[in-house]
Amino acid sequence: MSDSQTQIITASCPSRLGTVDVLTRFLYDNAYYITEIHSFDDTQSGRFFIRVAFRPNEAGEFDRQQFIDSFTPAADKFEMDWQLVAESYRPKVVIMVSKQDHCLNDLLYRWRIGSLAIDIKAIISNHPDCEGLAKWHNIPYYHFPITAETKPQQEAQVWNVVQEQDADLVVLARYMQVLSNDMCKKLSGKAINIHHSLLPGFKGARPYHQAYQKGIKLVGATAHYVSEDLDEGPIITQGVETVDHGYLPEDLAAKGRDIECLTLARAVQNHIENRIFLHGEKTVVFTK
Amino acid sequence: MSDSQTQIITASCPSRLGTVDVLTRFLYDNAYYITEIHSFDDTQSGRFFIRVAFRPNEAGEFDRQQFIDSFTPAADKFEMDWQLVAESYRPKVVIMVSKQDHCLNDLLYRWRIGSLAIDIKAIISNHPDCEGLAKWHNIPYYHFPITAETKPQQEAQVWNVVQEQDADLVVLARYMQVLSNDMCKKLSGKAINIHHSLLPGFKGARPYHQAYQKGIKLVGATAHYVSEDLDEGPIITQGVETVDHGYLPEDLAAKGRDIECLTLARAVQNHIENRIFLHGEKTVVFTK
Amino acid sequence: MSDSQTQIITASCPSRLGTVDVLTRFLYDNAYYITEIHSFDDTQSGRFFIRVAFRPNEAGEFDRQQFIDSFTPAADKFEMDWQLVAESYRPKVVIMVSKQDHCLNDLLYRWRIGSLAIDIKAIISNHPDCEGLAKWHNIPYYHFPITAETKPQQEAQVWNVVQEQDADLVVLARYMQVLSNDMCKKLSGKAINIHHSLLPGFKGARPYHQAYQKGIKLVGATAHYVSEDLDEGPIITQGVETVDHGYLPEDLAAKGRDIECLTLARAVQNHIENRIFLHGEKTVVFTK
Amino acid sequence: MSDSQTQIITASCPSRLGTVDVLTRFLYDNAYYITEIHSFDDTQSGRFFIRVAFRPNEAGEFDRQQFIDSFTPAADKFEMDWQLVAESYRPKVVIMVSKQDHCLNDLLYRWRIGSLAIDIKAIISNHPDCEGLAKWHNIPYYHFPITAETKPQQEAQVWNVVQEQDADLVVLARYMQVLSNDMCKKLSGKAINIHHSLLPGFKGARPYHQAYQKGIKLVGATAHYVSEDLDEGPIITQGVETVDHGYLPEDLAAKGRDIECLTLARAVQNHIENRIFLHGEKTVVFTK
């Protein structure tokens, strides 16, 4: 599906004349063929976002360093934040999980059949329960128990793995521990969490019980980036299904599992395809 | 579609042996044919809910009074709350609206083509804007302006119309005034409101602006019964659609209009088909 | 969630006075408490369908044989087709699969965490690919290769396993072989297939390529009972998602996998909860 | 919401190096600020599609003729099909309808509140039924009855109105007559039809009866461009809702009405925002 030479450039900068041209002219002048281009101009904040997929027009190896060296001066003039990633690059991912493994199982399946083009370097859990699943997939499993007292040490262990593996992305696949502010800061923008409610509706613990008490007729899930404000990080995508009076909290949770799996997978897919921009408290997502 | 003799009985009572039999035996012994029966047993509260559609098995007029007189003693033994309504009965409805008329227009259309089997007795507004639309449909329009000072008098005018028309149902079709506690109490259980957010997510004013600020990826609406606690009445049904970063508040509102129309119409349809039970802070809805 | 003594009775018969009473009176007279009752009267065909969940009102063991003996004469008078199943009964299931294992993986997961209350007795495939997955779940795996010549023998092998395991249900979880008429007949009403299109839109092979050629904007899947007419068996449930011009056949297939998993799982769940009635070329499904 | 000077350029051409640059360089060199850019490269057919929204960077009137004169030579080199439209341009629309007016009512409402930025020049019908609705909206109504014998003359009358009004778009809002091949050819690419089924599932007449017979669990609608092959024109968008065994053909039709309204309105909205490209038997749609 993807040409091995295709590159993705994503950039954002203040809105002003030439934000597209600076990029497209450079690509043309260097004989790159653009296969997809998508932009968004946020008139409220005066910021511009663009994602371009391109490849060398003629056969030949893409020279990443040369591209960076040549494009940097032009980008600097526009105060661009930009990233260049090969479409074929497989991000290095660490997954964190507690006991419930539906999202983990789902991500592993997509990875196993090649649908999710990532390298899962490690699975970290505060419980031993998912070790068998990890092992069957030949992925290292780190069991780091946690208590109120050992939290700083445990987070240090986690951070150690994340750094050793040079992880591009940490996926909190129903990791049921509240991260410290310090950890949130370290992971800011490179960690995706799945929250089992339609934020901002039901924050905090046991959202399915909250939802049951309220008699809601929809149940949902929210995938968002980890940020310092717990359960308030920039929303990436949300999923939802209808329910009725007959759904007990455990039924809501069962329906919720399906939504959580799909919503988290969609967020991860968009992230690894470099379709998401962090934009203050929000995101810009150029979905396929 | 509906046999003119078909009746709907809805009942709720404490859960105990015989709650179904007391009704089905009576219907059989009196030669009524059951066309639909649906029940729900709320194990958490120990309350039972049932809705039965039936008709005389032989040709002939249904004798409502006789039914009531005969069934009452049996129902009393089970402490039943129950209601009997002819399927062909057209509830008398008063619609309240402010300036935005999308829900009003939608309800009027469904009513005009016979899809919504109600009698719209009056449209009440605190603004004159919708009078032309009401007139074209030959429905009396009451313009009752409101200020902070005149609120009690205005609500008295509204209540007057509701009573004069012997309204079975009041539909708040984007009526943008906060009802007084007293008015809420009077309308409790017989008034449906459409709130332009996925409650309990965004209460209060300007939910689309709140949603925009939060960067949510879903926008929705909630139809609920009016109760004393504003924007907290029992939820009947909710609708939702996906949105993205490109939706400004006015775009969210545009998408919201479609959802509000469908959600409110669905709630009203279920209400007039006697498919909804109020159950404390929640509802039981036997959807078609 | 389910009381171990709860029973499910499902029945259908010609529509006539007393179809509900014959059952509810019997249940009451024998001191069974009804927890859920749902009926449908098909006015077009004059057939009545009912599903009742009940349990002994007092503590004590349910006597299945006694129930059957006592109720049979009453049911016979109404020419009832009826079945009685304990809610706690775990149906014995055989899953058939070819190479693609997304539906298999999904069903196994739901089974593993106890969400799908079945006993998976065997997995049968015409390929060896899924053996590892089966083994990890400790489920016997039968690899029965098939060619045009060996089809009758292979189907005999399959049928042998189905009979030996006394399977209540066979799930074709993307089994890509066309069953013979004879096999379809044997499995009629007890086998569920997932078809990767919105039947009747795209029958036959490679529906995602067909859909791509047509430029459709929705992609879906259909779970249906196996019947003699291939891809035309009674539909149980269908799922759908939006797509656009950017979806190549492989992208449609990727999106399709998610829909197929959810749709098949929903069909199996409804089947094992005895919520589905076969009704000629159609089904009646009392969804939760 | 839209800057009055914003222009939309849409273009398609064979895929080759420079297809983006030819446009973006021109825009920059002429001091146009790009607010949105979206492209699609169809690798299967080797054709490239792009839509760009832009405005003069400095205050001042946009000079359309000058733009066309200057850009044409560049576009020609790339064999571009291209169109330039002011975002503020209100397309001139003729709506055709028969007796059922739900889509008409819906379109008129969106137009009336300014949500659908079109000029409705005329409503044409083969029946007199919708005249009142048209009149209330102050839109000319043409009643052109039709019989098998008078079909050519009637279509000539229709075509006359379309031409007199210089209509940019004809919307078949449940116009229940089969257009002649000649008429289809004349309207090709500039007429949108709403078909009350999920094409290609249920072509031809009475799709809701077909769907009911098949026992489908989803009901939908398809908005497509008129082409010579009836009910086979390029699909623009499709809508869908779940249904069950309890839906009689009239219930399917009722649910269908809501879907048809939303689906047709979405198609028209995308068309007038110049988001749709005809691409052989398919469409490319850059949805908002």
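Chains here go by letter, A, B, C and D, matching the order in which they are written, and residues are numbered from 1 within each.
Criterion: contacts are C-beta pairs under 8 Å (C-beta built on N, C-alpha and C of every residue); 3 or more make two chains touch, one makes a residue touch a chain.
The model shown is predicted, which means the values in this text are computed figures rather than measured ones.
Checking A-C, A-B or B-C against A-D, more than half of the residue-numbered contact pairs recur only at B-C. Set against one another, C-D and B-C show the most C-beta pairs in contact at C-D. With centres taken as mean Cα positions, chain D sits 42 Å from chain C. Chain B and chain C, compared by their mean Cα positions, are separated by 36 Å.
The multi-chain contact residues of chain C, meaning those touching 2 or more other chains, are 40, 246, 248. On chain B, the positions that touch chain A within their shared complex are 40, 42, 44, 198-202, 213-218, 220, 234-238, 240, 242, 244-246, 248, 279, 281-285, 287.
Those residues of chain D that touch chain B in the shared complex are 1, 101-102, 105-106, 109, 113, 115, 136, 246-248, 250-251, 254, 257-258, 262, 288. Across the complex, chain A meets chain D through its residues 15-21, 24-25, 27-28, 31, 33-41, 43, 50, 57.
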